[in-house]
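Below, subunit A partners subunit B and then partners subunit C, in two separate complexes.
What follows is the complex of A and B.
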């Protein structure tokens, strides 16, 4: 009897253990104050996980479970990003879950989703990535329909479930084809010259398509507006940022593997998805009256800008992508934080017109929203400008001139709908008679914090960018 | 010879039962036809020397998935009546077209040698891995995958309980 057990180093997976334990423990909370306790516990767990990713266990980079997983510097960076997004999204959820008897379960499910994202980020094997995607997706299907009083919630949840199931099937089929071509489900199979390049290309195409669902890249974006609108605002905020970070981590891992026969189509595929996402997202966002739907289409467009980093991986594509993701998480979750503070129970049906006169009613909130909109539009002195600047520079350096031209054109288009929000807040009179919603202190504080961070990324961009650049060899 | 006979018998059963799934009007009959189809496919796996896959097919699909289907169908309270068979011409034509297209595409690809067969072993496959090898692989190389699957099931169970919860507001 000779069984070769894998070497297991559980210290590497300590943050995930904490997340899982806390998520399970939250399910046992009962009583009148369970909701607040669950929020505090979940945020503490995510914060500890964030700290453990910032100050990692030294042996983590080497990997464990026979190299199925490993936390190299790039993985740690993306873990920090997902943790940041989840922390902010949980802080935005207090209002949504306060009146619900099962409100505490909400935070347990968010932690499960965060665990799934962690697995996606540090996995080095398509099978493990698939499990991470499912651990991420299943709680989100439930969370998207958490507000059962709203018809849109159930509709969005079912839509998300069906399309998500479809994308999971694509990913599995892609993994099977990849296995057929490479003889392994590990990412290492990419570097060897494949016996069947067409099979490998077909497998990778399906995998990339499935990841496209997660980053709402056109043509896989259809679910996003409906789901965001129906979901609680905190879940919409989480959906808009965290799965994107995890999926981009996987795409980087695939893209950074040695290119060869069967993978050479990937840059073009990503460039086409990037161009289509920028065009469709920005043009569709122009026509939205609903703030959350506008943010959903804006997220599609922003995903397109981030996708530009993948064809430019040989140059500065990966640090540009990571920097963009960081800024995107700050500004997009900031916009959602403002939406939560002014929604007052309206949730996803908040109209852009509802912000009218916000500058006179709540000047600080209006100013924060203006910062986020200016940053999303890509104007200085905010982080959004430098995110686009580094991204365009990286793409130009690799010769993707037409993509950059399209991106610049679409950025001009995006000015209309981002600045329209600012105009509505500052230049229209408050129609009066509308009750000023009772403030949401947690969301308000978060909005202030994120506005400062967005400005900080615009003031110290090169310092942050170089710090991120050191992560990628 | 015996193998060839068995293959054609099983393949014919599988194809006929697959058609039956589509044309039966009563969904319970459809599910039963699917049962026959899955068993025939399991038989094909056995013929190919993959008893493990055949076993999983029977346990997972016949044992678990089909029972779930039956539950769902019976809960749905279908109206019965009308002819026992429906022949959906349009889907059948579309299906036939798809088969022809896929077959043509496959033939084209094979003809172009885009799928070189160098990596594949010659001749019929030998006996595949048995249960022991699968178990060893599952608990050594795929230990993490195995554990993660349990996390996934826990998350799914929590989500399912949350979906069917009673609507009550804490006031």
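What follows is the complex of A and C.
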């Protein structure tokens, strides 16, 4: 009897191995200094994983497990993005885990979530992608309610769990239909002309809807503001960026498949989601008083701008999407970093009004926040400008003029709430304000670093464009 | 024309930014000194192209060309031609004035104030020298945040509203411009020069007539808001009223010029047939602006609002002038851009001085200032006469050329535009009478202190060029000749040759102007 064993090349999965071991080890940490050790170990693991993807070692790219896993240049790029987001989000979590006796598990859970995102990014099979989504989701359900003292945290966690379970079910159903149409759960089934295009279309639609939950695309965005508000700020920061990067990697892989009967609805579906996300996200953000809820709706809108890349995949869509994601991670996590430095234990209930007079109290922090807001609004000389510029160029190149005009209109709307933050910081007097917290040096340092990076991507974006251009020739 | 290897223009942009660093590192007490040194040095640099261009030739000078984002066809491309030649010194000059005006009037957040002004100056110079569309756009938008802060932080009561309104109007227009730029780059890709944002390469092909109208509208939206043309003008009075005096000076003196500059730099050479198609509509808006702005100025009680509406009126006249498309109209339009910068800038400085003394800008609460401040009164009258276009001062030169062109274009258009002379005189004389003469109506009566050394110096510096331009207009008009000839090349000659996409580099079009531009790149 001859059983063909799949060819396994574990060297390709070295970063994931490091993440898994560190995450498991952190769970066993005990003692007075466990919290600090866990933070250091988790950040080190994520940083090593990032470097291993950024500067691939021999064998870093390649397929293994019979093609279930495939790391190509694009996968490595998205791994870098998820690692970057997770790394920054962990640096923001120092404050919130300080007083908790189980603080160290927090970092272990973040690493497990990161592992799940890695699986989503490099998997070539819908069932493996589903595994990745669940590995990502389970730790996040716990993390969303990590702050057990807050009622909003419990509420958000339950809401996230219910909707997350719902989206998992959608994904599984979609996978089943896909299997029925294509005869395989592998992505390769997309390139062959399907026997039952309608079945394939229905399956893909459900899969895309489930991914829409992860990128908070309208109409799958309802959970985001409540969950962000209740979660610790570090988790909200993680949720706002990292799962988006992983889900976009999957969408890109689906979208890049040869268009044919059963997949030709995808560009339009993405365009509709993009338009709806921009409109709903920006208009809803206008009315928010709570900073984190405002950032949540702003994230919905930013997801809409990024979705514009998918209908334009035949042109520059994928590099534009990757660049936008990178800049989004920099500026959005930067905004959360500022929120952490000024929150002083207030967490998700921080109001925009609490920033009043920040420019006179803490000029550098206020300046960094201004950079992030200007960049989110897409004004030069920040990375946000080139992100939007490149995205508009990609969409216009494929003839999506009305989508770009909608994006332009919604960008003008977004100026209202982004600049309101700047106006509150610079143009209102400090009304007694809150006492400056003892300082969150890690978050403050991160905000400074991210502000510089946001400006750098706006002034000298060329080398990043070149790097991304090599990935998507 | 890269004879000068020296990166003069980059230096001119970087000097104010270096001034920012100096202001930030120094003490708040020294901030005005550092800002003055930086703006004065920048002003001297902006004068260099003026001196070097005696030879009179239409190409770009002091060209700097470096790749910036090659994969997207964006380059760092700077240059000066006849169109921007005088706008640069105007920017440098008014920036120095803005610093002097705010010498000891700003008391809080002094460093931030001067940093905002210096960043604004760098961006303004960038706008007037950029030859790459995306670079232009980056500078164009980079002006917004400093101006937003200047109005919003150091303005008067309703400042936040005015600052947000200013930025929303401008961005709404300029995002359409960005879409236009990208579409233009795609057109360029399909017509020969490749996917590029370089203006000098865009000039190598003719935009298909079917696309011209739409692209013109996208471009024109941004510029019309900035000019501002009626009905896109409502942000202007609010911004002016709330901005500090120095902010108003730069807003009226330089920022409004950018709208007209953009039209001349992009719309005229790129979309000649659309420009002729839309000329009637733009003329109507311009004339409406002239009359409506003047009538509104007449009814204003607030001095700053009055001057702001007079700007709407004057800018309408400039637009009418350039859209006549004749050498006289273009020349008059460009000259009038400088004149308006000088006279309106001077008026805003004077209004600021009044407010400093009387703490009010209401016409009903002023009066009789001439009695106690004769020097002030003299400067006020000169600035007012310049704005009214009295012969012997600068305003007359520009208005005369524009009206000449207007009458040549259509006699009734000239006649309508000429109402600016009468209406302008009406509201300006009323303002002068109520501010300088009559009896003091202010709540706290009493003599005001007259101009001291600093203010006398500032106003002398403002008034001198008015007289010089008024008496020797040929200093300006001769140097504008090549730029104007270039712009007024009628659309026909460009359409005589339809460009075959592949051989776009070798076409001969419309005389020498193109070749000069090519040589410049």
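A few remarks follow.
In this text, the second predicted complex is superposed on the first by the 469 of 473 C-alpha atoms of A that agree within 3 Å, B and C clash if a C-alpha of one lies under 4 Å from a C-alpha of the other, contacts with A are read in each partner's own complex, and residues count from 1 in each chain.
FYI, a contact is a pair of C-beta atoms (placed from the backbone, for glycine too) under 8 Å apart; a residue touches a chain by one contact, two chains touch by 3 or more.
Here the structure is a predicted model, which means the values were calculated and not measured.
Once the two complexes are overlaid on the shared chain, A:224 sits clear of subunit B and of subunit C alike. When the two structures are aligned on the shared chain, A:198 is found in touch with subunit B, with no touch to subunit C.
In the superposition on chain A, A:135 contacts subunit B only, with no contact to subunit C.
By the document's definition of touching, neither partner reaches A:81: not subunit B, not subunit C. When the two structures are aligned on the shared chain, A:469 is found in touch with subunit C, with no touch to subunit B. In the superposition on chain A, contact of A:396 is made with subunit C only, not with subunit B.
For subunit A, the partner touching the most residues, choosing from subunit B and subunit C, is B. When the two structures are aligned on the shared chain, A:405 is found in touch with subunit C, with no touch to subunit B.
Across the two superposed structures, the residue set of subunit A contacted by subunit B and also by subunit C is empty. Here subunit C touches subunit A in the complex through residues 67-72, 109, 112, 134, 137-138, 141-142, 144-145, 148-149, 152-153, 159-160, 163-164, 167-168, 171-172, 175-176, 178-179, 182-183, 185-186, going by the rule given at the top. Contacts from subunit A toward subunit C in the complex involve residues 359-360, 370, 374, 379-381, 385-386, 389-390, 392-393, 396-397, 404-405, 408, 411-412, 415-416, 419-420, 422-423, 426-427, 461-462, 465-466, 469.
Subunit B makes touch with subunit A in their complex at residues 109, 114-116, 118-119, 136, 140-145, 148-149, 151-152, 154-156, 158-159, 162-163, 165, 167-171. Within the complex formed with subunit B, the residues of subunit A that make contact are 3-6, 8, 20, 24, 27, 32, 65-66, 68-69, 99-103, 105, 108-109, 112, 115-116, 119, 127-128, 131-132, 134-135, 138-139, 141-142, 145-146, 148, 183, 195-196, 198-199.
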